[in-house]
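Common to both upcoming complexes is chain A, partnered first by chain B, then by chain C.
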Partner chain A sequence: MTNLDVAQRIRQLPGWIVLALWALVVAVPLYILIVSCFKTTAEIYGDKFGLPTNWTLDNFANAWTQAQFARYMWNSFAVTGGAVILTLVVSAMAAFPLSRYQLGWSSPVLAFFLAGVMLPIRLASVELFTLMKTLDLLDSRLGLIFVYSAIRIPFAVFILANFMRVLPKELEEAARLDGAKEWRILFRIILPTIKPAVAIVAIFTAIAVWNDFFFPLIFIFDDDYKTVPLAITTFIGQFRTDWGMVFAALAISMMPVLVMYLLLARQIREGVGATGGLK
Partner chain B sequence: MSTSRPRAAPVEWQKHRSAALFVLPALVIYCLFVIYPLASSLWGSLFEWRGFRMRGFVGLDNFARLFVEPSWTKLSGAFTHNVFWFLGIMVLQNGLGLIFAYLLFLRRRGTAFLQSVFFFPAVLSPVIVGALWRLLLTPDGAVESLLHSLGLLEGRLTILGDSTWALWVLIAVDAWNWMGLPVLIFTAGLRQIQPEVFEAARLDGAGNGRILWSIALPQLVPSISSLTTLTFINTFNQFDLVYVMQGVQGNPNFATDTLVTYFFRLAFGAEGAVGITDIGLALALGTLLFLLLTVVTIGLLRFFERRTVRF
Partner chain C sequence: MIGLRKSIFAMLAPGLGLIAVFILVPIALTVWLAFTKWSVQTPFSSATFIGLDNFREIFGSTSVGRDFKGAMINTALYSVLSIVLILPLSVVFGMLIHQAELKGANLLRTILFATYMVPMIAVALVFSKLYSPTEGPFNQILSWVGIGPQPWLSSPDTALVSIVLLNVWQQVGYFTILIIAGLTQIPTSIYEAARMDGARGPALFGYMTLPLLRRTLLFSAVIALINAVQVFEPVALITQGGPVGSTNVMTYHIRRVGIERAQGGLGSAMSVTLLLALVITVTAVFAFARREDRR
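Let's look at the complex of A and B:
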């Protein structure tokens, strides 16, 4: 190492300290969350920062059975999975002709979809509630799937159309001459070539739907259909003294997102940097 | 793009039909569950409501009622909190985020890892973030013992129940939650600036702070534009953190009430002791908020459009 390198390192030190401090501010609360899951409530009160003296899995067991987290997890998985699939399929179908056919009317339709990216749909929740009641979609996972898809479609159409537009024309023309149907061209040729875009749409839709509690809050009353975030809001009030179990419930509910993040951190970083869209 | 052709061939017609069939499912779902409820909410704000039932046309009466007591105190309070929230996030989250992004940009190693760490809270549900911080910030919680051991506090930590501090605590938690967003957007923006620009400035003897302020910042206008717009939309839609950490009343004593929590109480009946809904008032508030969001968003985008540096 030369002197110049050392000087360079020293000059960079204050910056590293600032960055490390924020990393700590992010990590410490999450660390406390994780270690508290394995402590008894008495120990959480006693020692907040240390590792558990006796590691216990009771909190998880209690949250899973007593607080019925298994059911809420299933509901969240079903709603998230359904919304991701529905959003992807209908958005890909819409984006395909709008970006690749010479139609003359694709720009205004795309603009109409794009407007939905910014529409504050929560402010329409009164009329949405009435609509869901009329359609018999209250207290229904399917109802949530429709609402979430409707909200995520604008972003999905926008991203998919942007990726599809730049593909070369020859891609589908050979298949078309062979007599392939349009839906076959879309699902067998176009979508496999734009996998990164499909991944971005799927990841962002999944995260947004998994995390939301506003729509379950107004559409779900029956405990059988509650999703994880909604269950947690009632849960904190109900078991507010049983800290161990509350921490365990939080840990369980963030687990799927954590796993996804560990696997896909790069795609998520690049997707956010490029599109800015998660909320 | 759209050129009118003299005559549509038979194949042409088929193309339009198949395109329409492909677009239809997405269009129907989007119109039914987003456009229709939004449009009828706007329209409904001009009517009198009895519970969830629409009565006669009343023009702007609902809007007038928003601006007189007992609504005015709530409305002006919530609006002020939203404005503070926006300003707080702009400084605390986007300002700090720019500094973090610049520090990361200047370093070759560790960038991706730290970006991932910083962004992680953003993929968590606001419910988890709110619940976690509520547990950490309660009297006898982890933050209290930390402050005790650092000697910064004696006695109980009660900021969540303190009406002068509660709002700022929520804003800080929100910044903690979303700090990764400005970091990612600004690093992406910084990487798009040509490296020669930085090298030239460095050869001229400019320090890092000066380069950030006078060289990088003017070229980051597109990033600043999208962040400001996103921040505006998100802070004026703020509901989740308040609901989870302070309840739908925006405790203590409405100190953390926002426009959307107020809207929610009016629409779904948690306003006042008896919990009666006032749909007319809710729809009027929703309409005003919709107009505010649209006008300011367009205004912001136009404002930044004119200040974008082009080459």
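Let's look at the complex of A and C:
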């Protein structure tokens, strides 16, 4: 190690300390969440930093057998999967003409899509609730899928159109000369070449939908259609809350996203970067 | 050509249709219902036009008006505090991670961004334990450095700030990554030129980095604002608007008035007022940025 290296290291030291402190701030709540899964409720109310006296998986077992947890998981998977697929298909269809055809009016349409990002739909939740009731979409996984897709489409169209715009024109021209339909060109030629964009859209839609608590709270009353976040909140407050079980249920619900995150951390970060290009 | 036009329309229609039905229609209904007397238990057609009465009531001096103004102020405070904390922290962390080719920077990014994956209900529930006034970990940590216990969520003076802090904890990672993305778009040659001219440290940051980051910062601020005015989960799960209304924010209040008290018209008038305030703020911020751009 040369003197220069040492000097460099020393200059970076304050930065390192700041980042390490923040990493600690991030880690403490996550640590509490994880150890609480293995504790009894009495232990959770006692020493919160300590490790459990005996590690037990009882909380997980209790959470899983509580009410119909498997059913809640299935609902969450169905709603998330449905919303991801619908968002992707519909957004790809819209992004294609907006980015690949010479349309005089494509910017106002894009602006319309972007307006969707800016509108805080939660402020219209009372009307949305009544609208869903009118459309017979309360207590319905399909209703949730429609609302989530509508919310995620603007972002998806934006990302997909940005990636499609830079593809060479020749890509689809040969296919068009062969008489291929536009749909076929989009789904067989264009989408496969912009897989990273498709992944970004899928990942961000999945995280947002999987974690959401607000819309199920408004639209779902029947226990059979509850998604995991909504179901977990119903474990709280009736009589005595079994906090160990609540934390274990939260941990179970975070597993799919966590696994995805650890596998795809870099792509996810690049996805955020891609939204930063929104100018 | 007609075939193509038809297929363009067919390709755009589902996306535009979904946004129209599930976003634009509810917002348009909100604006209309703000001028009516309407209960959620009845269909839209039962609403009767009453002009500006709802607005008069929410800006009046009755308890309805007091609660609404309280919720507006809470939401504004929450939003401003969130932005004021999140953006500078994100810039600091973004610069530190981006600038120094730190070893382990990737690991740091993974840790910093992890909070974005944690569902808001988990954040809210874990923090409600962390904030526990008697044996809560936060008060324990404070006692190590000689600071007395804080009331956190149990006092009207500190409850809103406590909610802001858990929001900051969750969001900083996301905005840090946005800032890093903005920083990577600044060509390094610009920095080299500035360094040749003798610019150092703070000057380099103030005159080069911040202005070049302006678009990213503007975008981040608008996103953070739109997120912040829609805060709901921590309030619904841990404070229920209390103590003494100190965390009663707009989404929570509108839901309470509109659905639980079934006063849809009043709730809509509140939504419209907040929506207007938001539109004015965002437009002003953009106008300000554009003027700066021209200078």
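Keep in mind that, in the parts below, the second predicted complex is superposed on the first by the 260 of 279 C-alpha atoms of A that agree within 3 Å, B and C clash if a C-alpha of one lies under 4 Å from a C-alpha of the other, contacts with A are read in each partner's own complex, and residues count from 1 in each chain.
Simple rule for what comes next: a contact is a pair of C-beta atoms (placed from the backbone, for glycine too) under 8 Å apart; a residue touches a chain by one contact, two chains touch by 3 or more.
Keep in mind it's a predicted model, so treat the numbers as computed, not measured.
Student: Based on the superposed arrangement around chain A, label chain B with chain C as either clash or fit.
Tutor: The answer is clash.
Student: Does chain B (first) or chain C (second) touch A:T134, or do both, or does neither?
Tutor: second
Student: Quick check for you: in the superposed arrangement, does A:F219 touch first (chain B), second (chain C), both or neither?
Tutor: In the superposition, A:F219 contacts neither chain B nor chain C.
Student: Which of the two partners, first being chain B and second being chain C, lies in contact with A:F163: first, second, both, or neither?
Tutor: Once the two structures are laid over each other on A, A:F163 reaches no partner at all.
Student: A:P229 contacts which: chain B (first), chain C (second), both, neither?
Tutor: both
Student: Looking at the overlay, does A:Y72 come into contact with chain B only (first), chain C only (second), both, or neither?
Tutor: Neither partner.
Student: Based on the superposed arrangement, let me know which partner A:F155 touches: chain B (first), chain C (second), both, or neither?
Tutor: In the superposed model, A:F155 contacts neither chain B nor chain C.
Student: So, A:F60: does it touch chain B (first), chain C (second), both, or neither?
Tutor: Neither partner.
Student: Looking at A:W22 after the superposition, I want to know if it touches chain B, chain C, both of them or none. Which is it: first, second, both, neither?
Tutor: Both partners, chain B and chain C.
Student: Is A:L33 contacted by the first partner chain B, the second partner chain C, both or neither?
Tutor: both
Student: Which parts of chain A are in contact with chain B and also with chain C?
Tutor: On chain A, the overlap between the chain B and chain C contacts is residues 12, 15-16, 18-19, 22-23, 25-27, 29-30, 32-33, 45, 48-49, 90-91, 93-94, 96-98, 101, 103, 109, 113, 116, 118-131, 146-147, 149-151, 153-154, 157, 182-183, 186, 207, 210-214, 217-218, 229, 232-233, 236, 243, 246-247, 250, 253-254, 257, 261, 265-266, 268-269, 272-274, 276, 278-279.
Student: Can you list the residues on chain A that touch chain B in the complex?
Tutor: 12, 15-16, 18-19, 22-23, 25-27, 29-30, 32-33, 45, 48-49, 86, 89-91, 93-94, 96-98, 101, 103-107, 109, 113, 116, 118-131, 146-147, 149-151, 153-154, 157, 182-183, 186, 207, 210-214, 217-218, 228-229, 232-233, 236, 243, 246-247, 250, 253-254, 257, 260-261, 265-266, 268-269, 272-274, 276, 278-279
Student: Flag every residue of chain A that touches chain C in the complex, lowest number first.
Tutor: Residues 12, 15-16, 18-19, 22-23, 25-30, 32-33, 36, 44-49, 90-91, 93-94, 96-98, 101, 103, 109, 112-113, 116, 118-131, 134, 146-147, 149-151, 153-154, 157, 181-183, 186, 207, 210-214, 217-218, 229, 232-233, 236, 243, 246-247, 250, 253-254, 257-258, 261-262, 265-266, 268-269, 272-279 of chain A touch chain C in their complex.
Student: For the complex, which residues does chain B have touching chain A?
Tutor: Those in contact with chain A are residues 1-4, 15-16, 18-19, 22-23, 25-27, 29-30, 32-38, 40-41, 44, 52, 96, 99-100, 103-104, 106-107, 110, 112, 114-128, 131-136, 140-142, 145-146, 176, 179-181, 184-185, 187-188, 226-227, 230, 233-234, 237, 239-240, 243-244, 260, 263-264, 267-268, 279, 282-283, 286-287, 289-290, 293-294, 297.
Student: For a test of understanding, state which residues of chain C touch chain A in their complex under the given definition.
Tutor: Chain C reaches chain A through residues 4, 7-8, 11-12, 14-16, 18-19, 21-27, 29-30, 33, 40, 43-44, 89, 92-93, 96-97, 99-100, 102, 106, 108-123, 125-127, 129-130, 132, 135-137, 140, 169, 172-174, 177-178, 180-182, 184, 215-216, 219, 222, 226, 229-230, 232-233, 236-237, 250-251, 254-255, 258-259, 264, 267-268, 271, 274-275, 278, 282.
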